[in-house]
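Okay, so subunit A shows up in both of these, paired with subunit B first and subunit C after.
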Partner chain A sequence: MSKQPVAVVGVGQTKHVAARQDVSIAGLVREAAVRALADAALDWADIDAVVIGKAPDFFEGVMMPELYLAEALGAVGKPMLRVHTAGSVGGSTALVAANLVAARVHGTVLTVAFEKQSESNAMWGLSLPIPFQQPLTAGAGGFFAPHVRAYMRRTGAPDTVGSLVAFKDRRNALKNPYAHLHEHDLTLERVQSSPMLWDPIRYSETCPSSDGACALVLTGERGAARAPRPPAWVHGGAMRSEPTIFAGKDYVSPQAGRDCAADVYRQAGVTDPRRQLDAVEMYVPFSWYEPMWLENLGFADQGEGWKLVEAGVTEMDGDLPVNPSGGVLSSNPIGASGMIRFAEAALQVRGLAGEHQIDGARRALGHAYGGGAQFFSMWLVGSDRPDR
Partner chain B sequence: MSSPAPSAPRTGGRDVAVVAFAQSNHTRHTDQLSEVELVMPVLHDVLKQTGLTANRIGFTCSGSSDYLAGRAFSFTMALDGVGAWPPISESHVEMDGAWALYEAWVKLRTGEADTALVYSYGKSSPGSVRDVLTRQLDPYTLAPLWPDSIALAALQARALIDAGLTDERRLARTAVRSRRAATANPHAQLRGSADVEDLLRRPYEVEPLRRHDCPPISDGAAAVVLAAGDAARALHANPAWIRGVDHRIEAHQPGVRDLTDSPSTRLAATAAGAFDAPFDAAELHAPFTAQEVVLRRALDLDDRVRVNPSGGPLAANPVMAAGLIRLGEAAALIHRGEAGRVLAHATSGPCLQQNLVAVLENTGGGTR
Partner chain C sequence: MTTAAELLAGIPELAGAEPVTRVTIPARLEYTYSPGSAQARFLTALPEKRLLAERCPQCTRVYVPPRGACPTCGIATPEQVELPHTGTVTTFCIVNIAAKGLDVEVPYCYAYVLLDGAHVGLHARIGETPYADVRIGQRVEAVWDDRRLGPSLASISHFRPTGEPDADPESYRRWM
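Here is the complex of A and B:
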């Protein structure tokens, strides 16, 4: 029996902010779920299963919080799965949910991802002393900065490229009502003169810490036919993983990322991603990762990614808009960030992205990564039902 | 057996089987081993049984908990034990490995992979697992009270005794039966037991539970290989076919549940086709003696069914792996030709909040 095509018929997000002190964790995830159900014009009773994802439990200080969230997500009496694949988890969670529909195990699935960073301290959560291992107390930026430096050295990219990405994404975020950072007064000069955090990564080139949740309603052909608004169809989806550290690992352009993208393009019948995709929502927590991923995902030749950035190709009005939503640089509820990329890609091909809609977008990529640039999850969505 | 059938069992889809199972020798302490070192021998064992290597596996999925490991992203290091190079198609659930198996089963049903490696591990010894598990309770209303896992299980046992469904003597018999069965299981941690009279003279841990009613604290790991259709037939002479698998969750607050019942287990069992035919054996993930009473009632298991011939979680309870071990032990009964139809169950959360039921059979091929 063949796979069933999967459609995204509901998308919901919270307004991402530094601290949602007005809601509990349950209130936060339910808010996103209710919005996704409303978008799909469905009720809790229409949902067959719930798949939830988030980054490490230490970020809120709750072990396996899905147990306590069963009621808030209407999961009582239903199957509930909890995915955790580091920073890529939001994407992985959506893919696990999509497989439940594709395999015809369930008809309609609600998938939710969240992080409520204000409940705890991510830096602490990442810095617990571990037997057998060197402590990493510099946070994610400290881990990734040397890889950015390696990219600059390898490609000869000028120092300013990161600031161009940061300025673009923060300006895009002004068109996205759900984005955390709305910096109306930001200028390119201010980005370039912001404090250096982890050389070469500056403060304004770094993602914020956010509270937020994202939810999707996924269904099959019958569900899509009943949906009141246009669905986004999943044309391809994949996950790839490689070890954190090993001799010969390419941190600048990890093989797992290349393989994952190649698998997704193959499934979707995409041979020239630069020309065939209309929008990309990629996981860029530090601005330099945009040119790095442009190469890793096959949008630019090796060493050429930064030139696309400089030429404005990835601007909202460029021919390959990247992160029209403002991206991770403008909102980072960690566990949800991957799903937000997937959701924003779906909104683009549904024509429902509002002010940050790319006109006529018919195919878009959602991308997430995590761990030591080692876990990748991606999906490619389109306005048309896949014909294979 | 009779039971309501609210939804018809699933039909169609690819047949998926367990073709290999391996586990560690579970122990109270593994001070000299990291999680990777705990997992690696088990992975080598399970792959060796099939002749496969990591790069020939279609999909890999694991289950573990950062809170047991005491660090964020603990599973990333365990991945080193797999040898994920060249890169592999891989996922992880922050759940017992039984749910990792479920995710892998779904993946094989999509047709995107023909084989899957599933593993999980739990190293409880570095902390106090009894206290650690309080952190999985509602953080606003329940966790601040620190009701530990034994106290919550004692509430459940008390509810069962008050309802006349069991008594302390019968609970002790379950402990004796389980740990004596484990004498035949070289992987078990507690093998053998004093007799019932002796046990009942011992003090309460948390009344009405005595120490024998509680699981041991274990470090351990487990792994299975799943395969679909012809791949399964090629990898094992007696594949343990997964005829159905389903899982359900209940409300979290113990106060809103009837702790003597497990409607989620019954729902999952119905959806998995568990009531279609009798079982030769059942592997139940009941860490506390009283929980076996709840599960037997929910699953309509009478005394003719062999329950936990491996000794069950009362004989070894590596948290996050104990559920996957039930599936593995159930499959192993079929692999060895000792049973034709076996039920496997896994649980998660306080007082059996979330439950998974799988039906394994020795006959494959045609779908129901």
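Here is the complex of A and C:
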């Protein structure tokens, strides 16, 4: 039996905030799931399986939270599966769910990802001393800052490029009611004068710490035909991994990321991503990663990504808008952040992105990465049903 | 949205009770680490101020600290290589905020030091120089901490500039 095309018919998010004091983790994920079901005009009984993802259990200190979330997600009597691939988990969770539908294992799958950073200490969770290394890594920022410096050195990019990305994403977030940061008074000067946390990364070039969840309802052709609103069709999806440390690893442009993108474009029949894609939601937790991923994902030649940023190409009105939702720089419920990228790409091609809609978007990429830039997951969604 | 107080209001026995919305439960982590033979050799050589690496018989890359196997070739790396205490800064950042539980004073310079003869960078602190002077390509040497010599990388206090001319970028370009 051949694979069937997969459609996104429901998208749900919580309003991402620093601390959701009014709900538990179960309440948070259920809120996103209820919204995704409402978008799809489906009920819990229509769901055949649940696939859930989050970042390391160490963050909230709740071991295997999926055990206690089964009933909140309507999974009683149904298969439930937990996915983990560090920061890329939201993306890989959606891909596992999509593959279950494509393979005709389940008809309609609910997939959910979350993080409740207010109940967590991610920086501590990511800075655990290990005996064979000097205890020097201060959270994700401390880990990634040297690689940002290597990018700046390698390409000769001006110091200001990171601030341009941060200012753009924070401005875009003002158009997204679900975004965590709504900094109406932010100016480019303020971004550029914010404190250096991990030199060369400044405070305003860093993602916030958020509570939030995201949910998607995925189904096949028959489900898509019944959906009340336009679906987003999955044209390609892939994951790749590589070791955290190996001789010759390119931290600035990891091979696994390049291979993952190439696989997705091949599946979707995309030969010139810069021209053929209308919007990109990429995982940019520190602003400099936008030019870095522009190169890694084939939107720019090596060393040229920062020039697209400077030329305004990735602005909302540029010819390759990146993170019209405001991106990870404006909302970062870690485990959900990858799924939010996938969801926002789907909203764009469904024409349902509201104020941050890119007019006429027909093809969009959702991208996530995690670990020491070692796990990658991406999908390419379109408004047309794939013809293969 | 129903608040906790509204929910409690429906239960007479709980009239006037303060709603519990959050409790903090401290988490602590202690574990016993079994380094295996490759890392055990590396760790036990540190008190003697020796840096033991391993070379992969297939791709000839030299790993420090050694892991006993090559992550690229997936084979055992039995050949021991002793490395000098000098190397090149391949990249770095200046950390200005303290991570909870990390015993380092901020700001500090966190760098990847490619020891001469190695093909992966060692995580290290750079000291004895103004941070504004630290640069990619800078030549540095290990400074051992005689009070903390033991089977841990804390045996090396930090790396400091040697004063040599910067390394040729071609010598480290592929290993940064």
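The rule is short, and it goes like this: the second predicted complex is superposed on the first by the 378 of 388 C-alpha atoms of A that agree within 3 Å, B and C clash if a C-alpha of one lies under 4 Å from a C-alpha of the other, contacts with A are read in each partner's own complex, and residues count from 1 in each chain.
Here is the rule we go by: a residue touches a chain if its C-beta (ideal position, glycine included) is under 8 Å from a C-beta of that chain, and two chains touch if they have at least 3 such contacts.
Fair warning: this is a prediction, and the values are worked out from it, not measured in the lab.
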First, second, both or neither for A:G142, with subunit B first and subunit C second: second
Partner chain(s) touched by A:F246 [first = subunit B, second = subunit C, both, neither]: both
Touched partner set for A:P195, first subunit B, second subunit C, both or neither: second
Touched partner set for A:Q21, first subunit B, second subunit C, both or neither: second
Subunit A: partner with more touched residues, subunit B or subunit C: B
Which superposed partner A:M123 touches (first subunit B, second subunit C, both, neither): second
Touched partner set for A:P65, first subunit B, second subunit C, both or neither: first
Overlapping contact positions on subunit A, where the subunit C interface meets the subunit B interface: 61, 128, 130-133, 243, 246
Complex contact set, residues of subunit C against subunit A: 1, 3-4, 21-22, 25, 27, 29, 33, 35, 39, 42-43, 59, 61-63, 65, 71-72, 90-104, 108, 110-112, 119-120, 123-125, 131, 136, 152-154, 156, 174-176
Subunit A residues touching subunit C - in the complex, by the definition given at the top: 21-22, 61, 121, 123-124, 127-139, 142, 145-150, 153, 195-201, 243, 245-248, 251
Subunit B-touching residues of subunit A, taken from the complex the two chains share: 1-3, 24-25, 55-71, 75-86, 92, 96, 99-100, 102-105, 125-126, 128, 130-133, 238-244, 246, 254-256, 259-260, 371-372, 374-375
Subunit A-facing residues of subunit B, complex: 10, 12-14, 34, 60, 65-67, 70-73, 75-77, 79-80, 83-95, 99, 102-103, 106-107, 109-112, 126, 132-133, 135-140, 142-143, 246-253, 263-264, 267-268, 348-350, 353-354
